[in-house]
């Protein structure tokens, strides 16, 4: 058999006139941690609900473990799911909640007990079985929801922004743990989030969604460092967007006119000389130097005045204002301890680290 | 393109499977019979015999002769007053049960329903024996040499008490069920943000439980409008309500056509009441969690 | 065994117990339903004959019914009603299929028969009728026969009046003789009447016709005066009287308990009624429980209302065997033993002369030496125009 | 200080209101029970206890039959009404369907029709159109139509705040629609279902007007009471009512003891 755990083919879902999911085709591998990343309203939750069987697609097919499940109801699909607000059954104890999927499958008692013992240990929630959900903390509820999703070792686990309601510290901790469980169990996860950090931390691959469509589907590093579209470039990571015009095209490089200055980027596809382009440069790819310093050969250079330094510990954000007032943010190791607001500075970066795209709506 | 989902799993199918039995039940066992009443309302009765002469006389009588509108008006006023009284009393009671009832709250609510195990005729008769001129109350007052309370005897006030007696538990139940799923923490949120208890109640508790309250109002108001038994026992010579006179048409005078017209009018008034209630409900502001919010 | 293992087991047990409780509750609910519906199931398959009767509740004497059931192997299934028009409406709406026997009084049996709701009955099949007071059967009393004919439509069983019971310590003896006492300002707040429209209008009709002088004049229908057949002018006048009376009334009663309570307590001083409260007041006075004497004016100077109750056989009875059982029931009902029970337990006088079994006091209380008075009373009837009467009554109630 | 007073004053004041309501609601019932032991039901003073009515009751078949008939009508009506109103309210609240509004209106509409009219129109329809005689079945159906609208509204009152995504969760974890209802929906909405059951049972159990027209020759408790009004309510009726109340009271005591001992919780999950 193939290594494909989930196959989506041309899935489309409309609500009235709006198209929530637009011809989505995708394959997710066994053991893969796959994230659907996008702003709210991009259709990622709808897509997840379609996979779970909670919504009917208008068009397209869903294959799970080599079996076409498009016409099957949710309860025949053998998937697990972790919901955004956890949706623990309020009338059941933690133990009953976790055992629910096994009970529905009619697993024998011995197996249930064994699995429950296993999962509560795995998720560090042993001792809570007799409590009711409302007696648990947010983190505990999260773990119970995960336990419920995992206990039956589903062919696929769907997670709908499960960490959105947790506080920052807990979220960081859970991000690591969720990733660990996924590795240990080898079950494919489809993880929906609007939080790029979550997606980048946990995923193997990421699909960036926008108004029902995939903008880019790629391993997370690629999505980060080599965005396929302007939307991906702006949504993943922190980048400076510079809208300018192509002044010249030469040897796979374009020279861009921007804000009274010129710099080079890899030539954007489909943009001729004179075309408007959006250039994205990740903040951490930029370097800020004292004015008059020597830049590396071939590097782009921009002048400016340091307006503010936001110290974050390991790194600092340097906010540099151009003469026109446009600001550029540079994230860098806190290497200019003596720099202060008002100093004139020089920003440099390697031309290849920028990404140019024909400007939208220009 | 898409593999057609098996019919049974479609939400459309399920909606119909769940909803249609009730709707068909109403159509078969209420709508069809009611059509006969509507037809009768355009016919004529004479000496307990009904004749199929199509005419509008019944409606002319009911709507323009004033007599029947007097009863209708009396019923509406009674219903408004009784419903308002029930509302004012039921809210604190339901609130108490939902919030402080603890593990016994179900028992507390069921206890409100317990008197209903005794028929209305018997209870009204007993109520009359308690409130009447020689009832328990007045006899007790007499023992202490106090004058009898006249307002409890055979008048509209007494019949209002009787009607409230019959329907108040409906209101409490509806509000209680609404409060059962109400998150009382929200009140603390309001209070933390500077709302005094009353303010918190008016801006948070009340609007979030308005559907339950509106249902309670409906459950009391509509039966009140049609009430016939209570005024007969407690209302005295001038307390007859629309429902009593409606009953008279069918039970005693055999004037079915006129009675049918009265019934149709009552139905129309109820529809207006429901329309008004419906209009006050803004689903988005009531914490509605159903689909399509 | 670790702690968490034990907890796991506990959780599993909790599941267990809950499931057991749930299914137990479901099972007992089913059992209870089955039990509650048991009687219907049994009824549906019952082979025994059922005698279905639409009747006044007070004629259901349990011991008589039990004996009759055992003797004839039938089941007696009664349904009760409150007033003539109520029963008539029920029969008219298809009740002939639901009932074998039905009761009515006064002129009503004729109406039932005219409408095809009841069938001709044969008095010869009711031997106990031979004992009846002459005043209650033809030729003296003819309302049980078809109008102008000799076929019987009903068999009489009990009789009574609708006189006015008076508290003699409060009401002047002179006032008490007239129906007008019920409209007398002097007794404001101490008068009660029945809630039923027919008797109220008919009684007022007697008074009104007397005052207008139309009672003894030629009637439009050429028949003798009947308070249930009033002219429009008389009805209009009735309305005026009734509206005036409203201000004087304490209340209208639907239940007899109310009459008893109000009369005994002295709150009400007079009430038109069947004589039941009157007999009770008499007994209480005799036992020293009441310090005043009650009086029942059966026939006021203007005239009074009276009734003879009858058994009728529904036109739905087509089966000869069923018909025989109907006759057997009627005859059994008119037996001395049963009539004695009806009189003593339910307080109603019979049309059968059972004075030989009674004490002097009972004969006096039940006015049994005055049965000839019945002939002088206006019998209960159906209003000549229910529509007009309804309008009058509604306008009175609305005023 | 003022705050502390406030904290106990509110529950005490509200609790007093509840207490007074119980007094008001139960006063006639207590009067009935008191009277059932009286030698004379219309004038039960002074207290002169006597159990004759109860002894009579054992022999009077009419009352026993009436009780069973009323119970049967009540139970069947409640079962039908509860099932239909639960289904209807779930359909209307859970599914986004273009007929939702219409279905709700239809399901509530029986409430707008006076009981008397339901009784009479059903009678006419059954007789003249369907040719059916009056019996328990037609009475149950006519009562159920009326009860359903009450049940529907009562269900709505609680269900508007039910989180239907819990049903989604159950389905994803392998529960078919029936098991979803049984294991997840019902345990969360049962107070409303019980409310609908109890109220429709009581409405039908005590119904006079609807049952009266559709029952034919089948006695029920309310029809017995109504029929005996003309000559005064009979002591046996009081006794029967007292017995029914005794059973109800006993049931309450049992529930209370069970809850006290923690054997049943009735959905209370302890805070």
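We just call them A, B, C and D in the order they show up, numbering each chain from 1.
Basically, a residue touches a chain if its C-beta (ideal position, glycine included) is under 8 Å from a C-beta of that chain, and two chains touch if they have at least 3 such contacts.
The model shown is predicted, which means the values in this text are computed figures rather than measured ones.
For chain B, the chain with the farthest CA centroid is A.
More contacting C-beta pairs link the chains of B-D than the other of the two pairs B-D and A-D. Our note on geometry: chain B versus chain D, Cα centroid distance of 15 Å, whole angstroms. Per-chain Cα centroids separate chain A from chain C by 85 Å. Rounded to a whole number, the gap between the C-alpha centres of chain A and chain D is 55 angstrom. Between chain C and chain D, the centres computed from C-alpha atoms are 31 Å apart. For chain B, the set of residues that touch two or more other chains comprises 11, 125, 129, 250. Residue positions of chain C touching 2 or more other chains: 83, 254-255, 257, 261. Counting partners per residue, chain D has 120, 124, 128, 163, 226, 229, 233, 267, 270 as the residues that reach two or more other chains. Chain D meets chain A in the complex at residues 163, 165-166, 168-176, 179-180, 183-184, 187-188, 267, 269-271. Across the complex, chain B is touched by residues 6, 11, 13-15, 17-18, 21-22, 24-29, 31-32, 35, 45, 84-85, 87-88, 90-97, 99-100, 103, 106-118, 120-122, 124-126, 128-129, 141-142, 144-145, 148, 150, 152-154, 156-164, 177, 191-192, 195, 198-199, 202, 205-206, 208-209, 221-222, 225-226, 229, 233, 237-238, 241, 244-245, 248-249, 252, 255-256, 259, 265-268, 270 of chain D. By the touch criterion given at the top, residues 49, 52-54, 73-75, 77-81, 83, 85, 87, 89-92, 100-101, 103-105, 132, 134, 148, 152, 158 of chain A touch chain D in their complex.
In the complex of the two chains, the chain C residues touching chain D come out as 21, 32-33, 36-40, 50, 52-54, 56-58, 60, 62, 66, 77-83, 90, 93-95, 97-99, 254-257, 260-261, 264, 274, 276, 346-347.
Contact residues on chain B toward chain D in their complex (touch as defined above): 11-12, 14-19, 21-23, 25-27, 29-30, 32-34, 36-37, 89, 92-93, 95-97, 99-100, 102-127, 129-130, 136, 139, 165, 168-170, 172-175, 177-178, 180-182, 197, 211-212, 215-216, 218-219, 222, 226, 228-229, 243, 246-247, 250, 256, 260, 263, 266-267, 270-271, 274, 286-292.
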